[in-house]
Amino acid sequence: MRRTTIYAWLMLLPAMVLLMAFTHYPAIRTIIASLHSTARGHRASVFVGLANYERLLSDDVFKQVLWNNLIYGALTVPVSIAIAISMALLVNYKLRGRGFVRMAYFTPTVLPLIAVANIWLFFYTPGFGLIDQIRGMFGLAQQNWIGQPDTVLYAMMVVTVWKEAGFFMIFYLAALQSISPSLYEAAAIEGASRWTVFRRITFPLLMPTTLFVSVNAAINSFRLIDHIFVMTGGGPNNASSLLLYYIYQVAFREWDTAYGATLTVVLLAILLLLAVGQFFFFDRKVHYK
Amino acid sequence: MTGSWKYDRPLVTLAAWVLALMWFLPLAYAIWTAFHPASYETHFVLWAPLTLENFASAWAQAPFAQYFLNTMILVVMILVVQIILATFAAYAFAVYEFAGKNILFGLVLVQLMIMPDILLVENYTTMRGLGLVDTILAIGLPYMGSAFAIFLLRQTFMTVPKELAEAAKIEGANALTLLWRVYVPLAKPTYLAFGLVSVSAHWNNFIWPLIITNSVSTRPLTVGLSVFAATDSGVEWSVINAATLMTSAPLLIAFLLFQRQFVQNFMRAGIK
Amino acid sequence: MSFFSVANLGRAAVVVGALAASPASAVNLEFYFPVAVGGSAADTIKALTAEYMATHKGVNIKAIYAGSYGDASAKAITAARGGNAPQLSVLLSTDMYTLIDNDLIVPFDDYVSKPEMKKWIGGFYPAFMLNSQADGKTWGIPFQRSTPVMYWNKKAFSEAGLDPNHAPATWKELVSISKALTKKNANGNVTQWGLRIPSAGFPYWLFQGLAIPNGATLASADGKKTFFDDPKVIEAAQFQYDLAHKYGVMAPGSIDWGATPKAFFEGKTAIMWTSTGNLTNVVKNAPFDFGVAMLPARKTRGAPTGGGNFYLFKDSTEAQKKAAVKFVQWITAPEQAAKWSIATGYVAPRPDAWKTPALQAYVKKVPAALVARDQLKYAKAELSTYQNSRVTKIFNDALASVLSGQVDAATAMKSAQAKADAVLKPYR
């Protein structure tokens, strides 16, 4: 028993050291930093207690960014998943041109978001952008999708869904393949409709994948901000800014590292909540099956 | 399934194609602009003259070969280290009973959620302390202990029949041989699946490399492309897209060539 | 090998090699530069540094292209805080107070004798020195400097029955001419806007093109106070809003900076305001005859200056600093400044550069290049304060809220002023 413990710890050591050095250690450091002021020039950092958190409460930008991020997550996660499932079901059929279709769904995975963001920028450009050119054919007026506070966040969501759905499709495709054909045959004998089959057989059997994917999508909704950099810079008036983008702005543009840490603590808390949820759902479903 | 299939086959095909075209549109636009002069960026006329000028110009303006090399080194380095470390860790979690197992596993699970990307500021400080700022190693290091890999491999290792392991032990195999001869081969599809996730994530990763790199010799493609496409003077879609295509083409072509084997292998991994 | 950057090894090799060759030898300099005007500018900088190294033995200069202005300043400050600063950097002139505040730069005065300094600095256009000096010291040396100008499409003017050689000279004319230029199709949808003033990218900068002619200053010269709630500022913000919503000559909402030249080339707007640094781009790509003019006047003519200065970073050896100053003196000297101006469209920052044969010949070919220079007479400082990014963001957000119709100009500017005051209070 003692020997296996030593074995196990030795085997775990390198991975755990790296993992903790860049996840747990900085997380704790972030919490400490959030209780101090930012050092600037000759003024050293001092302990300020909860002052940074007080600033948080009166920071309108923070409130807006948090709200943006919640809407953003609440919409992009289910929509990406629904499209990913549809794509997987479609590609699972033997249809004409499946190779092309599969590659098309896969393109977001190989095209870096930072690069495609420029392309989406063109799609959205008012007047001569692709969407407006198409709208123009139908006699519709030009629309400044990413220049208006009320549409910009949704425009960003479309880009996110495009990016995510293609990637998640692969996981669903794998899961679909492992569903036994005999189940479908049985359903066919009973004359079940296509929708009933999906609702009663396919979707429940995809549940573990859905949990896994939704957790990933939820994390990504807090993590993936590349397109915000290129397309809007969080504007206009923070309408498309997300929490991590705001953290970047505060910490690496305004050089207010203490306040950046405070914002990061909020993000950590949100993710931790999600992690607890994940532990209860995901681990039970998958590992004890 | 086969009953109604006959009738709505065209419908399903149509739906699949509509979705495919929508998803393909950005790439299609990239191809269009990259092969046409800049004045056709917004005019889609059939007889527009073709040109390779944009590629030449992008190639001349930024060291994309270097960026590409940096990214390849980065992605391969991360993947190799992740897999080696995770294999040992997953084996320990799957096979051994030991003190502190649950706590350690709990700590691993935390990282499934809290990815190093979020802890930019502190990780930058750590890298500065290690003297690694502006190195390719620094871009990869935070990701090398991967909770995701440990988790996936542990799941797979737990499905390996005990009898197989026992049989090998009787033949005198020690823990390492057992791992290498029995567990690793059985987990091949999992390695492949994880490989896809990892390569795709780090191929695309932007913010952390943006912060930690300063020079051409370390910048990965994403940062290189963003620096290249800096739009202070106006977006030049034709040249930017030529650069995008140039740098994404290898992965796209690889996918086209190997997509059958790739998808099948991925399916066998049975990630659920 | 793959773990560490090849360049680091290369750099080490250079150092080792140099040490072996002669003990008191080469000074290595690194400098970051942003290029806001496309690829050829990067080549020009590299050519200039190569020329310098060829004529000045014992100095190695590595010019590193660091992306947009924003990227470059983020990179340089990150590196400097990481103890890995470049010796020199071209960054926005408005970054001066931020760099001073973080104790990252040193003034040039420390490395040039007083009389020499006076002669050197006296040779630059005074407008460009506004964002370059603080506390009686010179922290930035003007290099890739600019100012916003008005480009107009002569063909569109003719089509609208306007004099193609007369650009709007006042706000009143700006409105009336832009109205004549705004075209609608049968459905009532606009196919060509009269005017385009980008409001994403550098919103405050082009806004200053309205505020300064209206007699308003956004911040005090010492960077410690802002005047966002000045009625003249509010009036200018209201005017920018009205251009879209009252006069209907400009697209509503936030207008992208990057797509602006393209919109001009495509005939989607007949007039655009953008940096003079775009001149080379427009000369090359406009498929029609165009004109360049100063920004229209309200109470007076006026425009902000803009662009980048050379900064000298603190964290380097004395030998490096001395060498760096020599290099800056060389690259901002008339011949080099002229070359740079011709390659990019940036304004050569010294009157004597405009007297060089090269620039004189260029001006004959592209007379539009003179507009920006002549506008300098009326130019004022660009918005620059301590905690510049934060204060500028406060202003940009307020302006965006006005332009998108979320808040009225007075309320937005008053609350922006209150926020900026809170940030700047500790510095007074």
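Things worth noting here:
Which chain is which? They are A, B and C, in the order written, and residues in each are numbered from 1.
Note that a contact is a pair of C-beta atoms (placed from the backbone, for glycine too) under 8 Å apart; a residue touches a chain by one contact, two chains touch by 3 or more.
All figures in this text were calculated on a predicted structure; none of them were measured in a lab.
Shared contacts of chain A and chain C, meaning chains that touch the two of them, come down to B.
Put simply, the chain farthest from chain A by mean CA position is C. For the interfaces A-B and B-C, the C-beta contact count is higher for A-B. A straight line joining the Cα centres of chain B and chain C is 38 Å long. Centre-to-centre spacing of chain A and chain B amounts to 15 Å, using the average Cα coordinate of each chain. Those residues of chain B in touch with two or more other chains are numbered 41-42, 211, 226, 231, 235.
Contacts with at least two other chains are made by residues 74, 78, 201, 258-259, 262, 266 of chain C. Annotation for chain A: residues 121-122, 128, 252 touch two or more other chains. The part of chain C that touches chain B in the complex is made up of residues 2-8, 10, 32, 34-39, 42, 64-69, 71, 74-75, 78-79, 82-84, 201, 257-262, 265-266, 275, 277-278, 281, 285, 287. Residues of chain A that touch chain C in their complex: 40-42, 61, 121-122, 125-128, 136, 139-142, 144, 146-149, 232-233, 235-238, 249, 252-256. By the touch criterion stated above, chain B contacts chain A in their complex at residues 1-4, 9, 12-13, 15-17, 19-21, 23-27, 29-30, 41-42, 85-86, 88-89, 91-93, 96-101, 104, 107-123, 125-126, 141-147, 150, 155, 158, 175, 193, 196, 200, 203-204, 206-207, 211, 221-222, 225-226, 229, 231, 235, 237, 240-241, 243-244, 247-248, 251-252, 255-256, 259, 263, 266-267, 269-272. Chain A meets chain B in the complex at residues 1, 4-5, 7-9, 11-12, 14-27, 29-30, 33, 83, 86-87, 90-91, 93, 95-97, 99-116, 118-123, 128-130, 133, 162, 165-167, 170-171, 173-175, 177-178, 184-185, 187-188, 191, 194, 197, 208-209, 212, 215, 219, 222-223, 225-226, 229-230, 244, 247-248, 251-252, 257, 260-261, 264, 267-268, 271-272, 274-275, 278-279, 283, 286-287.
Residues 38-39, 41-42, 57, 60-62, 73, 77, 124, 127-128, 133-137, 210-211, 214-218, 226-227, 230-236, 239 of chain B are the ones that touch chain C when the two sit in their complex.
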